[in-house]
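Quick heads-up: structures coming right below.
Next, two complexes with chain A in common: one pairs it with chain B, the other with chain C.
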Partner chain A sequence: MSVAAEERNARAPWALSAPALMLFVGVLLIPLAMTVMLSFHDWGQYKGIEPVFILKNWHEIVTDPYYAEMFWRTFRIAILTTLLTAVLGAPEAYILNRMSGRWKSVFLLVILGPLLISVVARTLGWALLFGGNNGLVNKLLMSAGLIRAPIPFMFTETGMVVALAHVMMPFMVLSVWAALQRLDPQIENAALSLGAGPVTIIRRIIMPQIMPGVLSGAIIVFSLSASAFATPAIIGGRRLKVAATLAYDEFLNTLNWPLGAAVATLLLAALVLIVVGSNALIERRYAEVFR
Partner chain B sequence: MSRNGPLALIFHTIFVIVMVSPILVVCLVAFTPEGFLSLPTNGFSLRWFRAIANYPEFIHAFWISLGLGALSSFVAMLFAVPAALAIARYRFRGRDALAALFLSPLMIPHVVLGIAFLRFFTSAGLGGSFAALIIAHVIIVFPFALRLTLAAATGMDLSVEMAAVSLGAGGWTLFRRVTLPLILPGVISGWALAFIQSFDDLTMTVFLAAPGTETLPVRMFLYIQDNIDPLVTSVSACVIAITMTALILLDRFYGLDRVLAGKGDTGR
Partner chain C sequence: MAYLELEGIAKQFGAQTVVDDFSLAVGKGEFISFLGPSGCGKTTTLQMIAGFLDPTRGAIRLEGKDLTAIHPAKRGLGIVFQSYALFPHMTAAENVAFGLEMRKVARSERAERVRAALAMVGLAGYEDRHPRRMSGGQQQRVALARALVIKPSVLLLDEPLSNLDAKLREEMQIELRQIQRTIDTTTILVTHDQNEAMSLSDRIVVMSQGRIEQIGTPQETYEKPASAFVSQFLGKTNDFAATIDRTSAPARLIAGSWSAPAPAGLSGPVTVSIRPERIGFGDTGLGAKIITRIFQGNHWLFQCDSECGPATVIRQNDGERQPVEGEAVRLVWRPEDMGVRGGASA
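Moving on to the complex of A and B:
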């Protein structure tokens, strides 16, 4: 290859991606940097935003227990949602994978399809099912004898976790499903021929192999739940605030943009740390699976 | 090879019922003949679908959503196709970083993006405008547009292109007559998935939309904040029907598991 052709070859990919790169720098990186800057600005009821560099908002978030409680609630809901999706989604993916071709694709569509259906519509469905103390869910649970008194779902964390788990479930099923595709069915048969029972097979053969899928699904579900907006806003109401709904309030109701920007920046930083950290842990622990 | 035991099938049945019931209940309540939220036990009625016509806000918001989704997905494709070809074809320094940057809108919470865009467009004097919505949606749908185009470009047989070059095709002709038709299924599916993502986005758009540029999810959300009545269920039922149609088409032409799993992430 001549020098000129080699140079053209080195330049070509950059020339092709230059428009998208400029777009991303101009309308993604710069706005994000502006948001971080905004969190250091001052704000007053009457003076509005003042472009100075102070730590007032950060100081308020760190010292005021209201924010600690709100962030703790956000992460508590995200953790419970993640556990719920893992405990129910992983077995479902396994069952789905053992179905025959036609049923498999039908149920895959039924379970993954909701991913693309409006979150507002799906959460509205839960609001209808919960609906006060004599909602359908409570009636069903009581007639089945599972509970004696109705559980309050609307405007509670329980309701938020249930609705969020439903919204996030497809991500978990999809992730475990992908791990199951890499699994060699012969290993299961080998274990069976060596006299292993179904419980042993699941515990010793299946579980270790789908664990990376469960964990990477858990990371997706956790980060999406911790920053979810629609479901906490509709099920949680105006009182029960999480990070995303609080930031929304600061921006569009209180109009204290710098404080809202600080909440958002902290949420982003916490999520990046958690996601990058756990990704690194998983990849180290399961290095051989990813190779 | 259905070897699932009875216990597994019971679990599966309950799981599917729970997954479907919120969506089903919305669609059922939409057909209620009553003036309040209830299941249609006394026959079905279309009164709440007809009622939508009396709320021009919803219809206006629907057209905004439709235009926004179609346009922003198209613009995202204009940027994504060359970028996908660059990432799929060439091995160059910074390739992984570039791919990570282009997929980053998937990782950044939409609430953070909404805030960043609100701040940015307000100081640029574009606050609440349709143009601002388009640009913001181009960014959030870009990863979906890129991923499916990338998968198509990675799987493409390069010898066809070489044959065209040896026959004298080059530049634009090569792209228009050979490359584009070959990656077209990926491009169309990418556009469709991008459209659905744009059409459904609430979290980011709720920060940017002003009266007049409210999208359908934003209008529905603001409506629910005030009160929940059968009207919003009939609007939701329409949205569900539209998405389902797109979904089935996407599944038929491309395979839903392929679309959602985003195989060939960075073309590796």
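Moving on to the complex of A and C:
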């Protein structure tokens, strides 16, 4: 092969992926870089945005305990949501996987159904169900004798976690389901023939093998919950802000774009760190299962 | 008394009968193969013995006790699966130890037995490997060690060698037979490979469409097939249409230009079947022309076009001159080497 042809071949992959790369740079990298830059600009009630380089916004976020509380709440809600989806979603996926043909597809549709409906509509549905002390959920729980007094769901973290867990459930179920698909169909019979009971089979054989699926589902659910906007905005309202709703308010209500940009940048950086870090941990821990 | 007894076993899935009227008595220490094409019900039968499926009818007894009443986890059978079904998150030693752990065997004894089991299958030193870091043959050995370490009353092998390449499969066959002889475990092997069944088993159960076609030693099933299916399935065979002529005396069995004294008690049209290696070339006999001649090292394989249709002939490569393609030949065989089926009783 001639040198020129070799050069042409070396350039081909770049040329072929150029359109996608340009789109990626144009709609993601550039706006992201602009947001980061914006977070270092100054802002005043009367002067608006001043394109200077100062650390005022960052200083405010780091020192004002208001922001610390906000971020702590954001991650607390995300962690609780992740736990709830894992605890409910993993058994759900296991049961789904054991169903036979027709029922499996029916229930898969039931689980994926929510993804076809707008998050706003779904969350408003939850708001209707929660609806103050006389909400359907509270009435049901009280008539079942599970609680004495109504639980406040609206404008609380409990309500947010419940609604978010519902919104995020499909991601967890699908992720665990994918892991279950990779199981050897005879593996339970193998354990059974060696004398293991049903609990032992789930605990010692099934769980360790679907753990990577649970954990990757957890990463998806955690990052989506931490950056969720619609659900916290509707269930939490003005009173209970999380990082995403705070950034939104700074941008659109206070019009303090630089501060909003700083909040958004910090949220992004924290999420990237957590996701990349936990992913590396999982891959190291479950190297044998992933192979 | 038989060690393991299957009596009139049947399995139905809805309206479909997968196994029907399956009866077999297995002696202690015997090596039995269930042989048949896929879908013949051999794996289903194995799964009923293992307890993963309940028979629709019939009884399974182990040493006189009803096995179907015992939960699969309590049957104490060792099973090697076609896919091996090793636990990928455990090391080889942990895989083998699992059954002992379930039996609450003390830690020190457990370690000793795991070490011995892995050594027996030739995997000493591989204790800490994970299954996915092992070759197919090694995984197969781990699966065998895991099944044997619990000292099973019966060892069930579900097509254990089908995922191995030909050379490795042959090695494993020899090794499997040696291990089985040493520990004298009653073994049932499910396979669709007639060579595997013949080289390993004491007796073969040939199955087709959920029914037993024949039970016999490898030699019996090969030399004296009970049905057309068995003779077709176990090795190659030639089926020729022939007639028994009782108008002349003595009566003759005639296939084309080949003829022999007729067997007693039959008349009319019959089918004779002869193994390719039992046919020779002679001066008189069934007229044929060699279509192709294939050299296979220790033997020659001839495809002929005979008076009674296509015929396959295998000749030892014994240094004699062999006919060439296009040559006209006469096919001969000894009457005692052929099977005769059909025909009216005379």
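The definition used in the following text is that the second predicted complex is superposed on the first by the 282 of 291 C-alpha atoms of A that agree within 3 Å, B and C clash if a C-alpha of one lies under 4 Å from a C-alpha of the other, contacts with A are read in each partner's own complex, and residues count from 1 in each chain.
The rule is simple: a residue touches a chain if its C-beta (ideal position, glycine included) is under 8 Å from a C-beta of that chain, and two chains touch if they have at least 3 such contacts.
Here the structure is a predicted model, which means the values were calculated and not measured.
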Chain B versus chain C as contact partner of A:205, first or second or both or neither: second
Contacts of A:270 with chain B and chain C, given as first, second, both or neither: neither
Which superposed partner A:248 touches (first chain B, second chain C, both, neither): first
First (chain B), second (chain C), both or neither touched by A:151: neither
Contacts of A:193 with chain B and chain C, given as first, second, both or neither: second
Chain B versus chain C as contact partner of A:142, first or second or both or neither: neither
Larger contact residue set on chain A - chain B or chain C: B
Which superposed partner A:184 touches (first chain B, second chain C, both, neither): second
Touching both chain C and chain B, counted on chain A across the two superposed complexes: none
Touch list for chain A against partner chain B, complex: 9-10, 12-14, 16-17, 19-21, 23-24, 27-28, 30-32, 34-35, 38, 88, 91-92, 95-96, 98-100, 103, 107-129, 131, 136, 163, 166, 169-170, 174, 177-178, 198, 223, 226-230, 233-234, 243-244, 247-248, 251-252, 257, 260-261, 264-265, 267-268, 271-272, 275
In the complex, chain A residues that touch chain C: 184-187, 189-197, 200, 204-205, 208-209, 286, 288-289, 291
Residues of chain C defined as touching chain A within the complex: 50-52, 72-79, 81-89, 98-99, 102-103, 130, 132-133, 146-147, 150
For the chain B and chain A complex, residues of the former touching the latter: 1-5, 8-9, 11-12, 15-16, 18-26, 29, 37, 78-80, 82-83, 85-87, 89-90, 92, 95, 98, 101-102, 104-105, 107-112, 115-120, 123, 135-136, 138-139, 142, 196, 199-200, 202-203, 206-207, 217, 220-221, 224-225, 228, 232-233, 236, 239-240, 243-244, 246-247, 251, 256-257, 260-261
